[in-house]
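Per-chain residue numbering starts at 1, and chain names A, B and C are given in the order in which the chains are listed.
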Amino acid sequence: MVNMATEDSVTFDPDLPDVYGDAQPKQLLRTIIEEHEQLQTLANRHVISSGQFSRDVMLQLFRLAAKFECNPERFNSPLAGKLLISAFYEPSTRTRLSFESAWHRLGGDIMSIADRSTTGIAKGESYADVAEMFNNYGDCVVLRDSDPEAVYQMARSLRIPIINAGNGIMEHPTQALADVYTILKWRPELLTDDAKPIRIGVVGVPKRMRTVRSLLTLLSQFSDIIEELVVISDRPAKTAFADGQLEALEEAGLNVRLSNELDGELPELDVVYINAIAWVKNAREVMGNAFRLDDQSPLKEGAIILHPLARGPELDVSLDTTPHNWYFAQARGAVFVRKALLTCMTQRTERVMDVV
Amino acid sequence: MVNMATEDSVTFDPDLPDVYGDAQPKQLLRTIIEEHEQLQTLANRHVISSGQFSRDVMLQLFRLAAKFECNPERFNSPLAGKLLISAFYEPSTRTRLSFESAWHRLGGDIMSIADRSTTGIAKGESYADVAEMFNNYGDCVVLRDSDPEAVYQMARSLRIPIINAGNGIMEHPTQALADVYTILKWRPELLTDDAKPIRIGVVGVPKRMRTVRSLLTLLSQFSDIIEELVVISDRPAKTAFADGQLEALEEAGLNVRLSNELDGELPELDVVYINAIAWVKNAREVMGNAFRLDDQSPLKEGAIILHPLARGPELDVSLDTTPHNWYFAQARGAVFVRKALLTCMTQRTERVMDVV
Amino acid sequence: MVNMATEDSVTFDPDLPDVYGDAQPKQLLRTIIEEHEQLQTLANRHVISSGQFSRDVMLQLFRLAAKFECNPERFNSPLAGKLLISAFYEPSTRTRLSFESAWHRLGGDIMSIADRSTTGIAKGESYADVAEMFNNYGDCVVLRDSDPEAVYQMARSLRIPIINAGNGIMEHPTQALADVYTILKWRPELLTDDAKPIRIGVVGVPKRMRTVRSLLTLLSQFSDIIEELVVISDRPAKTAFADGQLEALEEAGLNVRLSNELDGELPELDVVYINAIAWVKNAREVMGNAFRLDDQSPLKEGAIILHPLARGPELDVSLDTTPHNWYFAQARGAVFVRKALLTCMTQRTERVMDVV
């Protein structure tokens, strides 16, 4: 066989829009009123945990993200002269490139560590010493490490901001920001006074999954627009949640219920968040096969599916071409959310504000 | 012994020209008349196979490459603001840096994946999902993968252009473009009406070697200037060529002959292309020792040797200082050919044209 | 436990100065008179060995480094359009990022090789062929390789400058430049006529440690300001020094004494350089535990400690918060020294001079 690229295989349509175009971010942009000073609170601060973000700060971040998404070519140099250290001691192409794309799109330069094996950390150097080195070399650090303590240990020695891009099973705050951004982009009217609250299902184990943990913490600040949040897993509350985790969510006003049955919940859920992968140190712990979505699942009409990706068998490709697929929009939006956050953390917000 | 760098070991001459200077690209530039619209056909298209390039498009690409080579410092920002994803799932420093140098020289930014081991692909993520991710992150993808299907699978999901930088044993179209560019740079008069056709020898197995396969496909569009193309290997036609491969070349007008003897052919060859390495998945399959070139080989006066590099024992260093060495010029030219192609694929040709 | 980032853990003070602020580089800058022509001697030359640097050239490099350190935001684009090949065939995050930070801060672009395993070198390609490739791709090469000959073999084929960033156990000249820069930054008055000479202790094996070897060579040009240089190790002179090494230092005027006792020397030393790691091919050879510094060590008041980092148990963290800690300032200064050197090697000095 002589392999030949057919005309069809080599052409593409660059204008194929994102799943739901830019009408959505435009509406979100109109819905939130700009409050510059909220974003200034992000200056000179690390981003380690979802618990750091107030609702007001989140909304301003989402407004800025929506502004970037409505007009990706604009604001292409607010980070000119700024240097990012992209340190993925736990390798992750997807998250690394999402951050690096965001930084490059803002006009900054990058130094990458894509692999732990060749670093001083692997030879026993302390995180504090590595942080001292980073102080001399860059203007911001993005860190992923399978050790939950690494980001805390670096933060203590840093004089430049660090972002936690996943610390073991504990947190992944920027992923959670992207998740909430997607929900609000999908339905900006949730932020208006007469909004009808939604029901959200989260498939996963809050105790063991960093993306789920961070997401629940952020959602607890939006309890007024969430009628109920159903955590769906094969575990009882005792092992599904960490000590005090459920109580903290409920105290924040979130109406949380635990379920061990996915298909029974689906017909009543507006948003289904699924992520079958839990990180246990460097290994993966997968939930039972009971929790799978495909185009035969009894999804509510108009419901959207979110997934932090990469996916496993829990999310069937048959859903990709359905209107339930908002996970691609979610990945796309993550770059704009990160652009917004990075702009604030490096104190360049005044270069992208409408009014200063 | 106290090791000391001698004065001689630390100085160099930056002006030592390329093997044959820039008189050659200048002549090529003058020989080809600019036809802007040919290059515009490369917009919104992937580059997967050599079979995609018409003679006219190739000549315009070579003209633009020659323009870049004549004046490397000019046109240093046509890709400003553009972001390349350099994805070498099959590692290759040489090809990766050639593409990355071309992109940087045009003023663009880059995100690199230098190693498959740390990627989602290695963990079982689909090429389609990776392509969806790339859509959100960059403006162009360069892919090398040992799996011949990877580039096709990505192309189907991409809304940005992808370039095949080697897909298993199948194709390596940009290497072949650089090869033909070198031949025409060496002898631009081949493109004039009264040109004397040349005889080309290609040492290798077209069925198993991606560079040979791609080169022959491109050469089949220049049958008028090729008196004879001799394929030299230790195999009969049946195993040297893939099914239909020889027939397709002959149908295109190329006068192809198979030979199993190198030294006997050399005295009559104007161009000798050698490349002893065939990729069989991740292993290497090397041809017999019979096919070696050194400065004692009975090369025709004025003949040139091409090699895609890196070389093995088949190409002796004793040839490096002879006028037969055009393989270094070939590697140099490859950067300019890639600059030309990348400029067209990202729709920035109007920034480098003489007349628009 | 629900992990929460406390307010304290996410804030930092960006204005916390370097250990001794910028008064020191400012004083050094005032002490050295600009002599542009000295820096021009670095153009069109490789940097392979410490033996290449005259005292006058060093002082001008340090002056330029101090100028960069006094005003890090100024001079941010002298290398615009220049492309660095950062080739760490022996991996080193610390040194790689130090060079890459320096290059980026000057406005240049970079292509990185962070790992030998995926390169042609690992497959048997010659250094000469790799150098030919680099000629086509970049404007400058930084090389670290465990093979001491690699940098020499590349240099012979290069038409662009190469910097030795560590070649096996032989040399690491830019580290040594950073070391001497730190000493002069600490006490610029050493360069004035009425300076009181200092006593320097170097813990290590000059024969086996590249940083020590390079440092001693540089210090031999400052014998007038060094009352005595004490080499402290557990070996006799015969195995501590390479053949002829001690003699060369003494011939240059340096007053060298060997000692096998650290604590006994400390009370009389103004500068203590420690580095317990010797590179023996890819393995590490560590000196005895006798040579350790902590905050109980009998250090002279006002004495400073230098260490090229990363550290092992030989340098206790209890010293980090003492005024003896100049090793962090040393790491910080290394970026500015490299900025100065890179600017000169790429012939862009005229863009950063006060007077031209």
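Just so it is clear, a residue touches a chain if its C-beta (ideal position, glycine included) is under 8 Å from a C-beta of that chain, and two chains touch if they have at least 3 such contacts.
Predicted model, so just to flag it, every value in this text is computed and none were measured.
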- Mapping subunit B onto subunit C via their CA atoms needs a rotation, nearest 5 degrees, of 120
- Message: Under the over-half criterion for shared residue numbers, do copies subunit A and subunit B use the same patch or different patches to meet?
- Response: different
- Message: Centroid of subunit A to centroid of subunit B, CA atoms only: how many Å?
- Response: 40
- Among the residues of subunit C, which are close enough to touch at least two other chains? 112, 114-115
- Across the complex, what residues on subunit A touch subunit C? 44-49, 51-52, 81, 83, 85, 109, 111-115, 117-120, 123-126, 128-129, 132-133, 135-138, 148, 152, 155-156, 158-161, 170-171, 242-245, 248
- Task: Using the touch rule from the top, collect the residues of subunit C that touch subunit A in their complex.
- Result: 1-5, 9-14, 16, 73, 76, 88, 91-94, 97-98, 100-101, 104-105, 110, 112, 114-115, 309-312, 317, 328, 331-332, 334-335
